[in-house]
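Both of the next two complexes hold chain A, though its partner changes from chain B to chain C.
And now, the complex of A and B:
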């Protein structure tokens, strides 16, 4: 990224500077104005994975500071036990600080911090020029940033959410948390989940489809492995969270009654939905840290990880098992004893693969020759912390012990050891990749001072919490004899927090004045990011990376030497265990002497689009606008009108930018197929669509699960369908089936290059969809006149909300159908009908969902 | 891949089976018998749409597994949560 500063790319590789120059040159050629890193504009339009990675890292560190300040406020309050009258923060303010701290740290700091590295490093490790969908990647970032801003706004709307990060029912409904800000916080999470979903689809498509030739999953570097598993877990877990949050938003804004006190098992429903997400989430935040640990251990012990294959198998097992342990968070609820026992067993089961990973790391260390650099210290510290956190977690996994520990500081101490233990590893990662990202070295001495302060502060803060475990969680009053421990913890909290000042100073200063580094400042670092210059050129590699011969080399268009500090893809063959082997000159497929610049100019992918930013702004405005709704009504007066206007404006901005994005000519990274298991031969767009649909299956699954669960709790057969007559539903089934059929005809017509057929079929689909909605509106109006509405009771809530979510999918589909029809009218899709095909996949999916909603809500 | 005629046949089957679902409801069978038949019909229709309209039959099997995983996750949540109430 140093295209403005020739000195920084002098890592000894011409490759670097050359391509950077090329990247610079080709800007004006795509009609996309792509400014340099020094320009503010660059950061608003960039879609490059490395830029996005930097944005993620910087933004997440900002949220770390915010969450950290809230933690300090809590620790100050906890200096002494306090009765409600004598607090520093008002009691509700304290509750807000606790809740916002948890939410910010888990969602807005920890995962995005890790994904900053994922964005920057994973494509390099894969040998890809960028992610599969660069604009969607920028979109993920902007949605994330705006979700964080929305959360910030919530503090100023009477107060943010105060019911704890787990948002347990019924405290999460307006009866108990009436502030507008509480709703805004929930909506901020919805926006955050949107960001995560986009990102998961993008990463999964990229990682499965865009690996360099020879880079099989087996050979993939461990950091990439952990990210791959993380995004798989994210895809499904966050879809369940989205269901939970959408239902909660409906309860808060529209007046449905899923979680109300009087609904059968409402509180239990939330815990199921939340923890089905929540347990995988703890691995989602932890896995990237594990990946950093593995990479750094290998580099600074100079050794390949012991039992690499088993390490990977263990991680895969954990990722799968993480979806079947969630009820260990519910041992003190009314779930039955058999199911508690079952989940105790699965919990014990999941700790076994973890033991294997820990031992693999320890053996690697014992067998290697350690160099105690800052990254290694952090990562080694993280391992120690994680061991303590893991052991204390096993205590909690035992039903009987948990009866004692639940709701105490034991739990608080446990999860801070594991989660902040993960942060420790990621901080190590920040030092590790800092020279790669900036091209300069940080100050090693200050790094070590940071580690010392951090590690002391950490243990001073969290260890006393184990000792003072009898303190009730989330409460600022506690037994006076525990006060000394809490005072130690408070001191530790300040040491830990202030230690980051050393890091910020060090990294900020070094980014400008540190010693320039070569491609690979760490001896023995073997993954591909170290084979390119520091920082890497805009499009990562000159030539095409390949692992065909068991090590990384580049196929160039011209005959010249390429320096790759490189090596075996981490883990192929032990021969390189000793160190990076410079590659021998690759097979050169000669075409011309200096074609590179030319080639880039013609074929180069685009890197700039402003629409992800604008689209996210629109989404932000919509959610901000609807935040004060209660029982589906805006507040009276000016305030309500202002909010409503904001929502409408947001809708306009969103729609406009979606269309603009659709019409914008944008070329993703060109990719000659390498390793693409298990999706080889399927187009990236199609893979992405199917991955998205798989997450949508879980979203609807969450809604239907909530319905089935509630009905089950109510008494299945005592619950009548809301519409007394199934015929309107049947008619809608006919309409939807017919519209699916017309989409099929549209694709057939497109394949035959039959323009009129295409336009007619798409138009018919649109008209049928409208018919579906009109029919539904009539039916709803009828029910409304009978006195049945969203808020009547939980039975009507489930009916209107679930079919309403489906209707929202229909509306989204119709907008796309309209867009496709208009473009088909102007002659599009006859040469390339993929858009029609992908739309069809979505539309048929919406149809399938209805095939289940119809019987479940109309006839049974 | 296949002719419009074939797609039409699928469409007719779907249409008829939706009708049958409602007829089953009106046939006055025992509740759980009707429940079973109706849900099996829904599942069968879903499979037809996925296999032929979404072309899963002709795609690499990995896409089918992908959707299957989502389905299993959703079912696991629903079944285990409901069971926990017993």
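And now, the complex of A and C:
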């Protein structure tokens, strides 16, 4: 490489190989049952954030190929306007390709690709040994993989979903898209959202609680900042999507009628729910790319970013505002001028911070020492593409223009410039971190060739779409005079797609035969992942990383303080300093650290669990099993029986693996509390529970919002509560309140180490919960008897579904209560009562939800 | 015609700064300004970016003497100076964007106000899988063809009989969602006679690509003649070639 001092490369090589060996030893030392990276088994049981990161990256690239092939099919169809009978893909097949392409790329490729890096890099940047809940991290990955497989299965069940990635109602209900595969695709999304929620809780707990000393939020590297904001947006946005998808699943499988054609405002309800999620999703997808841009720009220009503080403030503003712009996707619906004006203003408001970020990145280049390596080329290209995407986006912000661009290729071209512009930056990130992840350098020449082909292909594909913007979206019979532009785009599509072959070849070959690299192959890189070996050891750091002296250093357990950081030496040149770090701490550490490892062998952190995999398999089987349901009934015959059996088996596997996971001795990463604002002094598990409940609030909020919206459209006063008698509901209110009280008693008993009191109180909670469910079952039985069923009308649909969701929460709580009672019987929780406390939080939340549901569904 | 449309408009709409007239004129004039400014800003910003990337390339190393202080591994992240430049560019971009959008907002007010009820023709449009039905004030309905007089503003009330559609006549720059259970309103005026095509702009199922209708703009007197001939509740149906072919091509 032209920009690296040859002497240093040599030095680095030596260190690098030594470190790799060290890393492997580490694996064997730690893992009680933890196989090395060469073993297949390792990849099924690993809970290590770096392994999970690699799994995410590889899997997401697989979905990129799948989504890309679908895009090619579309581009082939669009080579010429297709009159009826002259199509290459049948119309429905084309609609499936369009829908699956969008869903796969947005959900199964873009975010997971970014979260591969987040998994790998963020704990390193924070100075954490792993994420807060390693098994949950593995669980997120497996849920993600199985959701993708489930989506794949949907193609073979009569055809996958064909209503577009926006899934507008009522095209999304079985009346119009009757294939079983369409339901399966929706269920696959539900599973994906489950993965995202688990992951969000985990990342938020980790990022808020487990930062090294001195690494305040304000001091966090920009990539970590973008991930933090992304995860906060994910937590709330995906909860809203989950509400939308659960309602849609109920419409498809159980026969509720929220989105049915006859529903008073079903179509509009969907657009609100979807875009409330959908707009934050744009930033969820783009922010990690922005973080990669910021890191790579700083490293390869050799300059710290201009206006760092403002850059962060701008991002925070965007993250917050992203929840108040959704109606700009609905300017042509029946919303009135006042609302349009409001959302036009918020939309312009959210575009401005991006101007600042773009300028900050550009000005960072000034006075720099820019090296045009592959990562920089990709990130530089990404910024250029994003500028074009941004300018064409301002057009859409002008409502009068938006009216005419709605549903045309202007929108398609614009968001591909933004989204795939983001992908461009992430590809840069892949090249950037590749040496860290594999310990070997990619081939720079092939990397540059890839960039050239990619950039040409990209613009050849998407720019003509601006010119041919009059083409309506998702239409293949367009005006003949636009054909040359579409042909250019098709050619570009193939160039862009094929350019990835160069990357796959380059990275695959280099992973095995590339030049070994030192800790820090990039001059001027500053973040902590470059201060450890490539690849980093299993638990990331030898010693505890700290920034208390204003720069990174490591505190070893025996030795008082060995300065690691790059700040060693004279600090005159990054290169020498980088080399210095690599050698000194490692030689020191391999001798000093080992005794500690043995000492902690008994309670050392665990890195392996098969249960996340098994649990995800179980969830997959359940959803696959229920996919053919219609009006809450399985189809007749063998097929129906096979599906039902699958669902039951899946339920068994899920429950079994949950219990196994609960009983499995597993020790999370040990950490000395550093910076933990705003949750210092609060246990990780408690923080995680609070964060999860926050997302659950949004989920119920989505359901209640849907109910209120529908009721308003129906006519608020004309809407009678479904149960004619509020007494059973009132009784249940008292039962739940009492059970909240018994949970408090359980915790008090546990604190007093009073075993009998603990078991009795937990048992009482369980019995009260059962009482609640029995009472509800009687009430529902009565209603069914009166001929009221989920599908009867939209009033019964909202009643049964919303209170049913609550009942499902009660059932989940009772399963936990039963488990706790059984373990308490055998003497658990007297020493460590945290499980009882967290269960109490959950249970109180479920009770509070009921306090909202009761008046809304029984009284008003 | 223009004067009849803005008869009751506030003063700023008549100043000449704000485009008015048919929706074609409104769109074209705003789009032109946006394209021009957008290209200009894009060229300047990207040009500046490329220029600096070249100027400060590693080989040139001019930067090194100017800035001795390069980032070091393990440092706590800080920013570089240059805040004033950043603030200046940010405020400039803000002024451009905000003034552009405010300017178009005035046009939006004009578009939203629409033509007055007295001199416009009210037609109901209903989308269905996969075509368009139109109902005239006298109850006459047509399917697949919309006849309108030239020069007279047309107000459309649009809805859908089944799924979410979107009604648009691209050449006349009119578009609105067709939502089941909801009614949306829009208007347009065609100054030139001829035949145009209305299309669906929201994915609505297998026939989405072929969901179109003919829009025939007639000279006003001819239109009057045709309109007189339509009786109360009569109907006519014209399927475009494509639609018929598509329906036939569909598997039963």
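Quick note on the criterion: the second predicted complex is superposed on the first by the 785 of 860 C-alpha atoms of A that agree within 3 Å, B and C clash if a C-alpha of one lies under 4 Å from a C-alpha of the other, contacts with A are read in each partner's own complex, and residues count from 1 in each chain.
We take it that contacts are C-beta pairs under 8 Å (C-beta built on N, C-alpha and C of every residue); 3 or more make two chains touch, one makes a residue touch a chain.
Computed from a predicted structure; not experimentally measured.
When chain B and chain C are set side by side, the one touching more residues of chain A is C. Of the two partner chains placed around the shared chain by superposition, neither chain B nor chain C is touched by A:638. Contacts of A:701 after superposition on the shared chain: chain B is touched, whereas chain C is not. In the superposed model, A:268 makes contact with both chain B and chain C. Once the two complexes are laid over each other on the shared chain, residue contacts for A:387 go to chain C alone; chain B is not touched. Of the two partner chains placed by superposition, only chain B is touched by A:845; chain C is not.
Residue contacts after overlaying the shared chain place A:240 against chain B, while chain C stays out of touching range.
Once chain A of one complex is fitted onto chain A of the other, the partner contacts of A:332 are limited to chain C, with no touch recorded for chain B. In the superposition on chain A, chain A positions 265, 268, 330, 713 are in contact with chain B in one complex as well as with chain C in the other.
Within the complex, the chain B residues that touch chain A are 4, 7-8, 11, 14-15, 18-19, 21-22, 25, 31, 34-35, 38-39, 42, 45-46, 49-50, 53-54, 59-60, 62-63, 66-67, 69-71, 73-78, 80-86. Those residues of chain C lying in contact with chain A across their complex are 26-27, 30-31, 34, 38, 41-42, 45-46, 48-49, 52-53, 56-58, 61, 63-64, 66-67, 70-83, 85-86, 89-90, 93-94, 97-98, 100-101, 104-105, 107-109, 111-112, 129, 162-164, 166, 168, 170, 173, 175-177, 179-184, 199-210, 242, 245-246, 248-249. Those residues of chain A that touch chain C in the shared complex are 2-3, 82-85, 91-92, 94-95, 98, 162-164, 168-171, 176, 214-215, 219-222, 261-268, 298-299, 301-311, 330, 332-334, 337, 340-341, 344, 348, 351-352, 355-356, 358-360, 362-372, 380, 383-384, 387-388, 391-392, 394-395, 397-401, 403-404, 406-408, 470, 472-477, 520, 524-528, 530-531, 547, 550-553, 564-567, 571, 574, 577-578, 581, 713. Here chain A touches chain B in the complex through residues 236, 239-240, 265, 268-269, 272-273, 276, 323-324, 327, 330, 335-336, 339, 678-682, 687, 690-691, 693-698, 700-702, 704-705, 708-709, 712-713, 717, 726-727, 730, 733-734, 737-738, 740-741, 743-745, 748, 840-841, 844-845, 847-848, 851-852, 854-855, 859-860, going by the rule given at the top.
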